[in-house]
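Presented sequentially are two complexes of chain A, the first with chain B as partner and the second with chain C.
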Partner chain A sequence: MFSAKAKSEVLREVVDVISTLVDEAKLNLNKDGLSVKAVDPAHVAMLDLSVGKDAFEEYSADDQEMGVDMDKFKEVLKLAKAGDIISMDYDEEKNRLIMSVGNITRRMALVDTAGMSDPKAPNLNLPVKVTVRAEELRQGIRASESVSDHVALICSPDGFEMTSEGDTDSVNLKLPKDLLESLDCKETVRSLFPLDYFSNMVKAASSAGSITMFLGTDYPVKMEFTISDEKGEVHYLLAPRIESE
Partner chain B sequence: METPFSELVQVCKALESTTKRLEKRRVLGEFLQGVNPDEISPAVLLVIGRIFPEAESKALHVGWRTVKKALGPGKQATLFEKPLSILDVRRSFDEIAKVSGGGSISRKTNLMKALLGRASDDERETILKNLFREMRHGVSEGIMLEAIADASGADVNLVRRAHMLSGDVGGVAQVALTSGPSGLERFGLSLLKPVKPMLGELAESLEDVFEEHSTGTALEFKYDGARIQIHRKGDEVGIFTRRLIDVTASLPEIRETALSFPAKEFLSDGEVVAVDGEGKPLPFQDLMRRFRRVHDVDEVRKQMPLKLYLFDVLYVDGEMLIDEPYESRWLRLSELAPDYLAERIVSSELGEATEFLERALEAGHEGLMAKALDSPYRPGHRGKRWFKVKPAERLDLVIVAAEWGYGRREGWLSNYHLAVRNEERGGFEMIGKTFKGLTDEEFQWMTDRLLSLKTSEDGYTVLVRPEAVVEVAYNEIQKSTHYDSGFALRFARIKRIREDKSPEDVDTFSTLKSLYEKQFERKGRLSD
Partner chain C sequence: MLPDSDLVFQDSKSVRKSSLCILCKGSRKLCGKSRCPLLVKYYHRSKVMPLLDRFNLDGSSPPSVFVGRLGYPKVYVGPMVPPIHGNTEILDLPEKWLNKSIDDIINYRFQLVRGMHRTSVHELENPGRIVDLTRELAMATYSADVEAEFTKKPSGRLVLDDSSQPMGPSAPLKGFDVDNLKIDRRIDRAYSDHDLLAKDAVIELHQQGIPVTKIQRAFSVGAFGVRKRRKMVPTRWSITAVDDITGKELREVVKTFGTIDDYRIYWSSRLDNRWAVLMMPTNWRYELIEAWYPETVWNPAKNSRILLINDWEGYEGRTTYADIGGCYYAARLAVCESLVAERRQASTVILREAHPGYILPVGVWNVRENVRNALRQTYESFDSLRSALFYISKRMAIPVKRWIRNSHLLKDRLYQRRLEDFAAG
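So, the complex of A and B:
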């Protein structure tokens, strides 16, 4: 059993976070809310999302899995304006999800979840934790996008830095310690990442005020932020590009 | 458990290490039996270097620049230490093909980098060979189809037929191995689903054509346009290119023409030519522009009208015609579309045929097609039942070595190794050999000339300083692993000795390459 109502903007955020990495996802539902674990097809990035039932206007569910096509969700969302309530009901008999917005009802076929296993996050020891205002990161990404397709995230006890080096030009965003929300860093670390992945992840954090990153040297970055008025929690993991000596 | 990609790499290596067709078949057959059912199709396509089935219009659109960037400094790590599987590679290619719009190059680069990052050195090499469709293990679709027959126990002709009709080797393999012969029998011609067109082999001369087509031949203009097949099923029309891409939306006038024919259902084969306001044929590139056009079609339609020439019909109102002889198909076509027939004559008289060829060339067409009157329509088949007849083209080449002749040519250096100049790497690269075209006096003259340029000799071949330039006629440039240039000339013969030209005047590798590419502007790139 699954039946819920949510504001369109809440659902939109959830969909954005998931579709950044995958086209189809398995929603794990239980009485307290929903969660999604997914890896992108290239195995470069991973998502662990949980949304508490408080994020919804109404919510009730039994333990169950539901395979959904994110594009179909987006189609429904296109019909809604901010503030509209979208209702979702699981039709057990036909294995469909019934979504309604206004006077429109969409009955959508679900995706087989047989091939979708919950990925296990690798064990990582990331020595540095830094919290940056999301707007600063977005600005840095905008500056980098025309220069290169990768970005280096660097942290030292003095602050956080983002650099992008192209063939001819380079871009650098420097945030000294006092402009950061928080910094826990004893050594300088640096890892390089594919910019499109990083950029899409930051874009998915559209309503988050700040993003916390856990970093190492030539190690994945773990990003944490909240969505849906802090009732949803997102963990992204992104594998680095290893620079050759 | 998904089959590791490394197994496929090993298979490619095994294929590379043997030149024996039967051994290749054995290696492939065993491999196909070993993979999981859902891996058969991707595995088959990856082995032959195809990535996507011919019948799908999907393409990676990854250029050399993107690959170079993906190979560039740094390696993309992944989150898990999991060896690459055949399906992983397939999924990555699917993912890359899906990317479009702004920022797609960098997205493709990053996906490619992620794929290459997971690959071992050997795997990386195989992936790159796939990207450039140069597997270098000599396994064509032909051998693959035989191996599919071996592995499934189905008759090879049944396998070939299914492939002709579906244009998808991977899909055929999957059906053959999972449902056997009865599954293959279900492949049929279905309207609105493209079939691979029948193709012609290049003829060296009209004389050769007449010898081969002893029971009679029809000569048609070979139009310098694009091959299309038109399907009609009631009010629905589907128009497909030689590469089986759907271009119905770009060619509304052809659709209207098809709807005017006096048959509710048919499948016809022909050529469209773009013409200017005065009806003169336009360059092929302009026609391609029309093919790609989906928006404002009405606008271009006025600027660039199309002419339709039909030359075959495979199906009319419930009647399958592919096994009927050419001549009776032509009669059916004459009833179906009398106003759109390709220009043709039935003749086995050299003088008349030569005149007809000249007429075709004068009108700006490519040459002629010669079709045996009793030939059935064999989708996807290229053979001697249909011939292309076109005038030779010429290149100035230098002789880099020559072989001592035997028989009538004994005592002369007579088989000449021909080379182009590589202006980038320096030096000369071989593109073929010929002993044709010289008179006895010229053979003697050339032998003396080459001996004066000799640098070494092994009793069989004489290597010479590259100084003797000859003008060489040929009918086609092909890809080849025989020669270091990577290309070979078909039907090369010497037209003239060019003592007036120096090695610096010899045509360059890049000229050769662009001539090769130009052939495809006309032909489209199919499985060959």
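So, the complex of A and C:
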């Protein structure tokens, strides 16, 4: 059983986060809320999202899984304005999700979840933790996009840096310690990441004030931020590029 | 092997900015001139054949038709007819041209006279006899006898183009007649189905094993699609449309299969072009990299460096038209066909070296047939990308480092780590 009502912007954020990595996802539902774990087809990035039931206007669910096509979900969201309430009900008999916006009802066939296993996150020991204002990162990404297709994240006890090296040009975002929300760093670390993934992840954090990153050297980055008025949590993991000849 | 130096090579990114010719390939008038100066050079070299000094022509059409693109949507359409009788199929069936020389191909094409009749691409309900017959001819199974009458004598110059096969002389059409015409049953079925989408018609016919050239020919005369939306499609656009539609469909099938287990290199070499097809054991991805030597068609001699240009797609495909143009889609179709036949998935990087002996553009069939040919051969198998690249370094003239620098997929495979690389420990 699943029945819920939510503001359209809450659902939109959830869908934006999921569709950075996958087109179809398995939603895990239980009485406390919903969660999604997914890995992208290239196995470069992973996401772990959970939204508590208090992010919804109304929410009740038993333990169950639901396979959803994100494009269909987006079609329904396009019908709604900010503030509109979208209601969702699971039709067990026909295995469909019934969504209503205003006077429109969409009955949505669900995707088979048999092939979708929950990915296991690797156990990582990331020595550095830094929290940056999301707006600063967005600005840095905007500056890098025309220069290169990858970006280096560097952290030292003095601050955080993001640099992008192209063939001829380079971009550098430098945030000294006092401009950071928090910094826990004893040694300098540096890892290189694909800009398209990193950029999509940061853009998915559209309503988060700040983003926390866990970093190492030539190691994946773990990103954490909140969505849905801090009632939801997103963890991303992104594998690095290592440019050795 | 060549030295890996910027004096010798120009990389993809700066090629895009500075070399208009390789992006335009004679089709987009990027240099602002009314005719492509490179092609004009070749036009002057080609001699007009005096065999067509007459107002009518009697011969067997391969079958072949032409739909022009200049003046779209008001374009020239009409049959293509040689001054000879019999089975002339080879004149317009690039699927059989793999082992032909450039001279053979020019010779085939130069025999075909294009009849030209101006019409709107939308005019399909009551288009008149010329368009009706052209359409029937485009759907024919075998060579059909054509008697054409012109208002002027055919004037000959060779028309070269990167997408379509070279074209011979042309003349304005007064009228024509067709004899011994047998329409292909399978194409006719798609033609008679007024609710079948053009896309689905193309896919079905390709699944039935009809050569791409034949599907494209019927596609160009507006034989497919929902009745009210049918229209004619210029020959060169229809070639890429059919390559793209069939390739996209097969790509989704490929994605349902498991990946190959090894790194593979397939090989083909024709018309002074060298082709290496590298397959890697990951999810679907695809890239084509072309290297144009100085004095090949799209790299005029004043630029004495080898130009490299690449286009690629990830698992989801691409949303913009490839800069490389029709070749990208023709090669992708060949890759998908092979993977579907094997019921496997892979990511594929095609490396093409166009050496100076490649003096004339012959059409995208060259790309499609060479990649198909490569994939029919037995491949060399490797257990790592590095050993596969080492093998490439021995058979291609361009240093591997230079290929890597211009390849999105190779860089990604070599440098981008996967999450499972960090799973242990």
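To be clear about the criterion, the second predicted complex is superposed on the first by the 244 of 245 C-alpha atoms of A that agree within 3 Å, B and C clash if a C-alpha of one lies under 4 Å from a C-alpha of the other, contacts with A are read in each partner's own complex, and residues count from 1 in each chain.
As a working rule, contacts are C-beta pairs under 8 Å (C-beta built on N, C-alpha and C of every residue); 3 or more make two chains touch, one makes a residue touch a chain.
All of these numbers come straight from a predicted model, not from anything done at the bench.
Engineer: Based on the shared chain A superposition, would you classify chain B and chain C as clashing or fitting together?
Structural biologist: Chain B/chain C on chain A - steric clash.
Engineer: Which partner does A:Met46 reach: the first (chain B), the second (chain C), both, or neither?
Structural biologist: both
Engineer: Report for A:Pro240: first if it touches chain B alone, second if chain C alone, otherwise both or neither.
Structural biologist: A:Pro240 sits against chain B and chain C alike.
Engineer: In the superposed arrangement, which partner chain does A:Leu195 touch: chain B (first), chain C (second), both, or neither?
Structural biologist: After superposing on A, A:Leu195 lies in contact with chain B but is clear of chain C.
Engineer: On the A-aligned overlay, A:Asp91 touches which partner chain: chain B = first, chain C = second, or both, or neither?
Structural biologist: Neither partner.
Engineer: Which partner does A:Pro220 reach: the first (chain B), the second (chain C), both, or neither?
Structural biologist: Touch partners of A:Pro220: chain B and chain C.
Engineer: Between chain B and chain C, whom does A:Glu187 touch in the aligned arrangement: first, second, both, or neither?
Structural biologist: neither
Engineer: Pick the chain B stretch that clashes with chain C in the superposition, from 40-48, 400-408 or 436-444.
Structural biologist: Only one listed stretch clashes with chain C, namely 40-48.
Engineer: Common interface residues of chain A with chain B and chain C?
Structural biologist: In chain A, residues 39, 41-46, 119, 122, 149, 194, 220, 237, 239-244 are touched by chain B and also by chain C.
Engineer: Name, in rising order, each residue of chain B that touches chain A in their complex.
Structural biologist: So the residues of chain B in touch with chain A come to 69, 73-80, 82, 88, 91-92, 94-95, 103, 106-107, 109-111, 113-115, 117-118.
Engineer: Of all residues in chain A, which touch chain C in the complex?
Structural biologist: Chain A reaches chain C through residues 23, 39, 41-46, 119-120, 122-124, 149, 167, 194, 219-220, 237, 239-244.
Engineer: Using the touch definition up top, name the residues of chain A that touch chain B in the complex.
Structural biologist: Counting only chain A, the residues touching chain B are 39, 41-46, 119, 121-122, 145, 149-150, 192, 194-197, 218, 220, 237, 239-244.
Engineer: Which positions of chain C touch chain A when the two form their complex?
Structural biologist: Residues in contact with chain A: 11, 13-14, 282-283, 314-316, 408, 412, 415-423, 425.
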